[in-house]
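Given below, in the form of structure tokens, are the structures.
You will see two complexes here that share chain A, one where it goes with chain B and one where it goes with chain C.
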Partner chain A sequence: MSQRTLELGFSGHSEERRVEVPPDAPPPWDLRSDLKVAGKPHPRLEARLKVTGAARYTADQRLPGMIFAGAVRSPHAHARVRRLDLSRAKKLPGVLYSEAYPQREVRYAGQAVAALAAESEQVLDDALALVEVDYEVLPHVVRTEDALAEDAPAVAGRRNVRQGRGMRRGSLRRVEEAHARADVVLTREYRTQVQTHTCLEPHGSVARWEGDRLTVWASTQATFAFRQTLARALGISAAQVEVITEHMGGGFGSKFGADAWDVFAARAARATGRPCFFMLDRRAEHLVAGNRPDSIQRCTFSVRRDGKLLGAQVTSHGTAGLGRGAGVLNPAIYAFEATYSDQYDVLTHAGSARAFRAPRHPQGVFALEGMLDELAEAIGMDPLELRRKNDPHPVRQAQYDVGAEAIGWSRRKPSGSSPGPLKRGLGVAAARWAHNARPGTAVRCRIGRDGSVLVANGSQDIGTGTRTILAQIVAEELGLPLAAVEVRLGRTRDPYGHGSGGSVTAPSIAPPARRAAYACRQRLLAAVAAALGCEAESLSLREGRVHGAERELSFAAACGLLPTESIEATATGGPEDMSYPSFTREVAGVQFAEVEVDAELGTVRVVKVVAVQDCGLVANPLLARSQINGGVLQGISYALHEERILDARTGDMLNANLLDYKILGAREVPEIVAIPFSVANGRTSTGMSSLGEPPTVPTAGAVANAVANAIGARVRSLPITPEKVLAAIAEAERTRRASDGEKKKKKKKRIF
Partner chain B sequence: MRSFAYLRAESFPAASAALETPESLPKAAGTDLLDLLKERVVEPAALVDLSRIERAQSDPGVLSALATLAELAEDEGIRRDFPALHAAARQAATPQIRNRGTLGGNLCQVSRCPYLRRAGASCFKRDGSPCGALLPGGFDRTHAIFDVGPCACAHPSSLAPALIALGARVRLVRGEERRVLALEELYAPPAPGRLGDVALRPGELVEAVLLEASPRSRNSVYLEMRERESFDFALVSVAAAVELREGRVRSVRVACGAVAPRPRRMREVEAALRGRPLDAESIAGAADAARVAARPLRSNGFKATILHRLCVRALEELRQ
Partner chain C sequence: MRTRLHVNGEAREVEHEPQETLLSLLRYRLGLTGSKEGCGEGECGACTVFVDGAPVVSCLVLAAQCEGAQVTTIEGLGRGHPDGLHPVQRAFIETGAVQCGFCIPGIIMAAADAIEREPDADRESLRRLVAGNLCRCTGYTKILDAIELARARARSGGPPCSTK
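Then we have the complex of A and B:
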């Protein structure tokens, strides 16, 4: 163990911390580290491949002899399958394999009842149309509110409303006591919609057998979990399966393992002896591949006139379809005296939810931040001031200043005071996340006698830039330029890595990558020490050279002195480099939005978003900004456009395409000022924090608050559509007129 | 999609003759037709491709039905003499679709109603079954607020209201026969089996749109409200053309899109303006008149509000 003093925190707010560094680990990077490659703005390594279309995604695979698979899906939300007849489809020339799923009941529109594999996509399409299914339609319920009704059809078991473990938190008694001490207590209902993941690359895989070994190209955010679930479903050992994910066209939490269609592709490939391609079509993507649950949040919040937040009480109901996990997460950002949340899943006949970029957070924060603005309005306090008063996080306190300056918060006018039909408004919202660095990821580093450097890990780059970050870390540790390091990712024959969920990937993969490179470096220096005539400890590696006291060698020449063809080290993230005391326990973020509302037509245009996001130590400012931009865009899209629309009568989805399911497009993109906020938190040897999810958490809340500031009326329901804006304005006008009427009456009373 | 025969027509009369075969459909750019084929909403036995037909020498008052939206949007003469058409063409769809999509295709396009566009859903126009939007629990947010009968479809064409306001006529061709109609007469009420809402006879095609430049056409405007700027269809569109003489409205045409099963000529608005000065008062009266006949469905009352406000904005732009 060696003792080290680290300088942790951020510019203008740092402190020294003594740590003990294990002998085989590099000392953690901190504010004093003078990094040359890590932390620098290198473009993503595969950028050129991606923008030229040369990057091969799973959906691009075209193997010799490949066959195509697809499913017959129920158009009914709830039905009994009376008869399922594949005989006509199977007789069609070119149909090679089929499976029927003779379940008694289908319980959501889109559920597969049969699947086929055929010679070509055209034969497949014709064959799917020939499958005969006789459904007896049964009562169903697809809307959360309808499912709450006493006489609603039961979806599973007797009750549609369920409360799982951990879905009731805090103390109702303490919250009620807090409310009793308050000057203002407000009760409001906030609602959010079901959002589908809408990954550009759909779910699916291509399977190929060679003997008893299976290779699968998969669009997955968890190569190893995919391998495990697929092997289990096929009854083979994971060692027989190689999963390859070279490039990934989006997952957002919906691609954590092998799905039924992946298992079908593998079985069809085995049965026919030909590679099988099964990617979902866009409709299925919306129906069966996951979604973010909706929510109805009944909030009672209280505040003292001086701005001290007292009680926060939230009762939420939401549907995850047939699945679970529709809770919301809200009051944790601010220091309320007491909080209480009571959350319920409401079962409906709809496709199950899956984890979706910061599950539970955006919906909860939308309500929380709306309530905060409503409380601020009620006590006549600036909303940013209210947040500053109640936010215990030192990083967010600094971010409020940075963001307020960048958006020009001092321009903010009282809500509803913007004149004319085009009204501008400003809003703010915050986010929290955990430092999710998980032990267990293994990285192998190899230095060849020819001077080559290879770093390998079997997990995937979901699109965040993992490949580039790995190269930067290793190049930094070996004192090399980025181009000298080759990275191999996304093949399960390489060392284990976690699924990309919880924003764990970069924070978890960087420390073992650094330690593997560190180990190689020590061995390389030991091998060349004699040639340079000094002790290995006195040598250093920088700028592509090994520096001794008097002599130096190029990196390539040094490698040429290696006694073996190559040296190799594999390190696994563990306590030795991932459990130092950290500066903060939570990742902090703040966003400001400026909107322009056409108060006559109800349309909202986001003009500008300032996103200040705690990144830990910034791995790469370009990639960090890219993550922040993506989070903000997905957040605006959620705030204004996206919504799964199910027909209440049939339970079928009415907008299962990319025109009617409205994703924000190029012309909706505002000016985004993404500010990666660097904090040396010291917890791991590389200091990177979770970044994938938090930037999408506060966006909808900030946009909604800006809309309310612009129009002087609040839309408490997402997405903020023109009709909701117009209704909110009309309602506010009615209230104003009524209260003006009251005042006049009172005046009259006084006169007479 | 179902397999089909593909026929490439060299001329409108030849295309028209080919379309006499049962279960055939014309294809110009095919930007929407391909989606309808893939969804099996239409399953023609033959497609007659119009896109290679040689276009006649262009005459400023005759727009080929095969002109692309991009060509219309870039035409200086159109911008000068028919600003409403210029604005409608410029805003339609996406750059890619405008580069391929045609004037004729835009006028004859099929409603965006999700029930119509889903094989198996309940739809009056596809097979005479009850309109899914009008059934209990149905989705009617984007549908018509005028003239809703057994079908609640809103007509999606953005060029049609602009051209109706400009007093355009269409030339139709069937074999060697030609006839000319006022554009609003091209459209027919919803009927089972007629997805496109156009009153074309079997084998008949739109060959050209005829326009006459006038002081009224030069003082024209097209406005639309949609939820997304990047590729979306209007929820409400308004086109107006006004000729003022001595400060009074001498002649006026107003039409709206996306609010009725057909592009709707707004005669009540025209009547409220004719002979009056175009001022805040007459504009307010005309906008009020615009929604008198509106009968919104359960969830699209906001379209009447937006129609009212777009009418005000459109007419304000024509005050000079």
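Then we have the complex of A and C:
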């Protein structure tokens, strides 16, 4: 162990801390580290492949003899399958393999009842149309509030409402005591909608057997979990399976393992002896490939007139379809005296939810931040001031200043005071996330006698830039330019890496990458020292050269002195990399939004979003800004447009395409000012924090607060559609007239 | 059936099914997998290519309609440009406009067309010109930055953007 003093924190707010560094590990980077490659804005390594169309995604595999698979899906939300007949389909020339799923009941529209594989996509389409299914339609319930009714059809078991473990937290008694001490207590209901992931690249895979070994090209955000789930489903060992994900077109939480269609493709390939291709179509993407649950949140919050937040009480109901996990993260972030939350899953006849970028957070924060603004309004305090008074996070306190300056918060007018039909408003909301660096990721680094450097890990680059970050870390440690490092990702024959979920990837992969490179560096310098007859400690590696006391030589020449063809080290992220005491306990973020609302049409245009996001030590500002931009994009899209609409009458989805399921496009995207906020938290040897998810957490809340500021009325339901805006304005107008009437009456009384 | 067409300057004669789309012909028959299928319904724009110089969503064009046509795909866009990269492609790399990259071939085709057809378009107009292409990752901000950069370079005497 060696002792080191680190300077942790952020610009203008730092402190020194002594840490013990294990002998075979590099000391953590901190505010004083003078990094040359890491932390710099390098374009992503695979950008050229992606802009020229050369990057191969799953559906781009073209294997000799490849066959095509698809499924017959139920158009009904709930039905008994009386008859399922594949005989006509199987007789069609070119149909090679089929499976029937004669379950007693289908329980959501889109559920597969049969699957086929055929010579070509054209034959497949014809064959799918020849499958005969006779359904007896049964009563269904697809909307959360309908499923709560006493006489609602039971979806599974006797009761549609379930409360899982950990879904009741805090103390109701303490919250009620806090409310009793408050000057203002407000009860409001906030609602959010079901959102589908809508990855541009659909789910699916291509499977090929060679003997008893299976290779699968998969669109997955977890190559190793995919391998495990697929092997288990097929009854083979994971060692027989290789999963390859060279490039993937988005996952956002919906692609963590092998799905039914992937298992079918592998079985069809085994049965026919030919590679099998199975990608979902866009309709199936919306119906069966996951979604973010909706929520109905009843909130009772209280505050003292001086702005001290007292009690927060939330009861939420939401549907994850047939699945679980519809809870919301609410209350959180602010220092209430007491909190209590009571959350319920509501079963409906709909496709199951899956993790979706910052699960539970955007929906909870939308309600939380709305409540904060309503409390601020009630006590006549600036909403930003209320947050500053109650936010315990030192980083967010600094971010409020940065963001307020960038958006021009001092321009904010009292809510509803914007004149004319086009009304401007400003809003603010905060983000939190955990520092998710997880031990267990392994990275192999190899330096060849020819001067080549290869870094390998078997996990995937979901699009965040993992490949580039790995190269930057290793180049930094070896004192090389970025171009000198080759990275291989996305093959499960290489060392283990976690799934890209919880924003763990960069924080978890960077420390072992650095330590593997550090080990290679030590061995290279030892070899050079032996050849030159000097002490290894007298040598250093920087700017592509080995520097000694008396002479220096190029990196390539130094590698030429290696006694073996190559040197190699594999490091696994663990206590020696990632359990230093952290400067902060949570990742912090703040967003400000400016909107323009047409009070006559009800339309909302987001004009500008300022997103200040704690990144830990920024791995690469270019990539970090991209993550922030993307999180904001999805947040605005969630706030204003996206909604899975299930028809209460038929149970089917009315907008299972990309025309009617509206996601934000180039015309609607505002000016986004992405501000990566660097914090040396010292927790790992490389200092990067989780970044994929937090930037989408506060956006909807900030936009909704800006809308309320603009129109002087609050829309408590997402998405904020023109219809809801107009209804909120009309409601506010009625309330105002009624209270004006009251005042007049009172005045009259006084006169007489 | 058989269709004769030029793809990225090369004469091709391709056997295909009558109901096959241009996208399918490019991807499956010719192995040009740069054009992506995101929806198959003409809504996402990931399959955008040029047919006789005009951008089309190739999932909605029948292969048979392309008899005698000049087709340019993302693989052929950089032909004749320095280092094989069209200025728009180069700008996308430099500005970091690419994330997962699945929508990018289609967006680059739409952008290359936009700056050639409306070289004086302001940022607001550029948004409209690429509005037919969806992206789920990037926030579009850097995509628009990249298009503006490519156009500014073309104006200031850089390599021309013409490809058609």
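Here is the rule we go by: the second predicted complex is superposed on the first by the 748 of 752 C-alpha atoms of A that agree within 3 Å, B and C clash if a C-alpha of one lies under 4 Å from a C-alpha of the other, contacts with A are read in each partner's own complex, and residues count from 1 in each chain.
Heads up, the rule we're going with is that contacts are C-beta pairs under 8 Å (C-beta built on N, C-alpha and C of every residue); 3 or more make two chains touch, one makes a residue touch a chain.
The shown structure was predicted, so the numbers you read here are calculated from the model rather than taken from an experiment.
Q: After the match on chain A, would you call chain B and chain C a fit or a clash?
A: Partners fit side by side after overlay.
Q: Quick check on the superposed pair: does A:Gly110 touch chain B, chain C, both, or neither? Answer first, second, both or neither.
A: neither
Q: Once chain A of both complexes is superposed, is A:Lys662 in touch with chain B (first), chain C (second), both, or neither?
A: In the superposition, A:Lys662 touches chain B alone.
Q: If we overlay the two complexes on their shared chain A, which of chain B and chain C does A:Glu723 touch? Say first, second, both or neither.
A: In the superposition, A:Glu723 contacts chain B only.
Q: Answer with first, second, both or neither: which of chain B and chain C does A:Glu201 touch in the superposed model?
A: second
Q: In the overlaid three-chain picture, which partner chain does A:Arg44 touch, first (chain B) or second (chain C), both, or neither?
A: In the superposition, A:Arg44 touches chain C alone.
Q: So, does A:Asn629 touch the first partner chain B, the second partner chain C, both, or neither?
A: second
Q: In the superposed model, does chain B or chain C contact more residues of chain A?
A: More residues of chain A are touched by C.
Q: So after the superposition, what angle do chain B and chain C open up at chain A's Cα centre, nearest 10 degrees?
A: Between chain B and chain C, as viewed from chain A: 50 degrees.
Q: Looking at chain B versus chain C in the superposed three-chain picture, what is their shortest Cα distance in Å?
A: Minimum over all C-alpha pairs of chain B and chain C: 5 Å.
Q: Of all the chain A residues, which ones make contact with chain B and with chain C?
A: 122, 659, 664-667
Q: Tell me, which parts of chain A touch chain B in their complex?
A: Those in contact with chain B are residues 75, 122, 125-126, 129, 600-603, 641, 645, 647-650, 652, 654-655, 659-660, 662, 664-668, 721-723, 726-727.
Q: Show me the residue ranges of chain B that touch chain A in the complex, using the header's touch definition.
A: 1-3, 40, 112, 114-115, 118, 120-122, 132, 135-139, 141, 225, 227-232, 235, 299, 301-302, 305-306, 309-310, 313
Q: Enumerate the contact residues on chain A facing chain C in the complex.
A: Touching chain C: residues 41, 43-44, 46-48, 50-57, 59-60, 62, 120-122, 198-202, 247-250, 252, 281-282, 462-465, 622-623, 625-626, 628-630, 632-634, 657-659, 663-667, 669, 671-672, 674 of chain A.
Q: Under the definition above, what is the set of chain C residues touching chain A in their complex?
A: 17, 19-20, 24, 27-28, 31-41, 43-44, 46, 73-75, 77-78, 84-85, 89, 92-94, 96, 98-105, 108, 126-128, 130-131, 133-144
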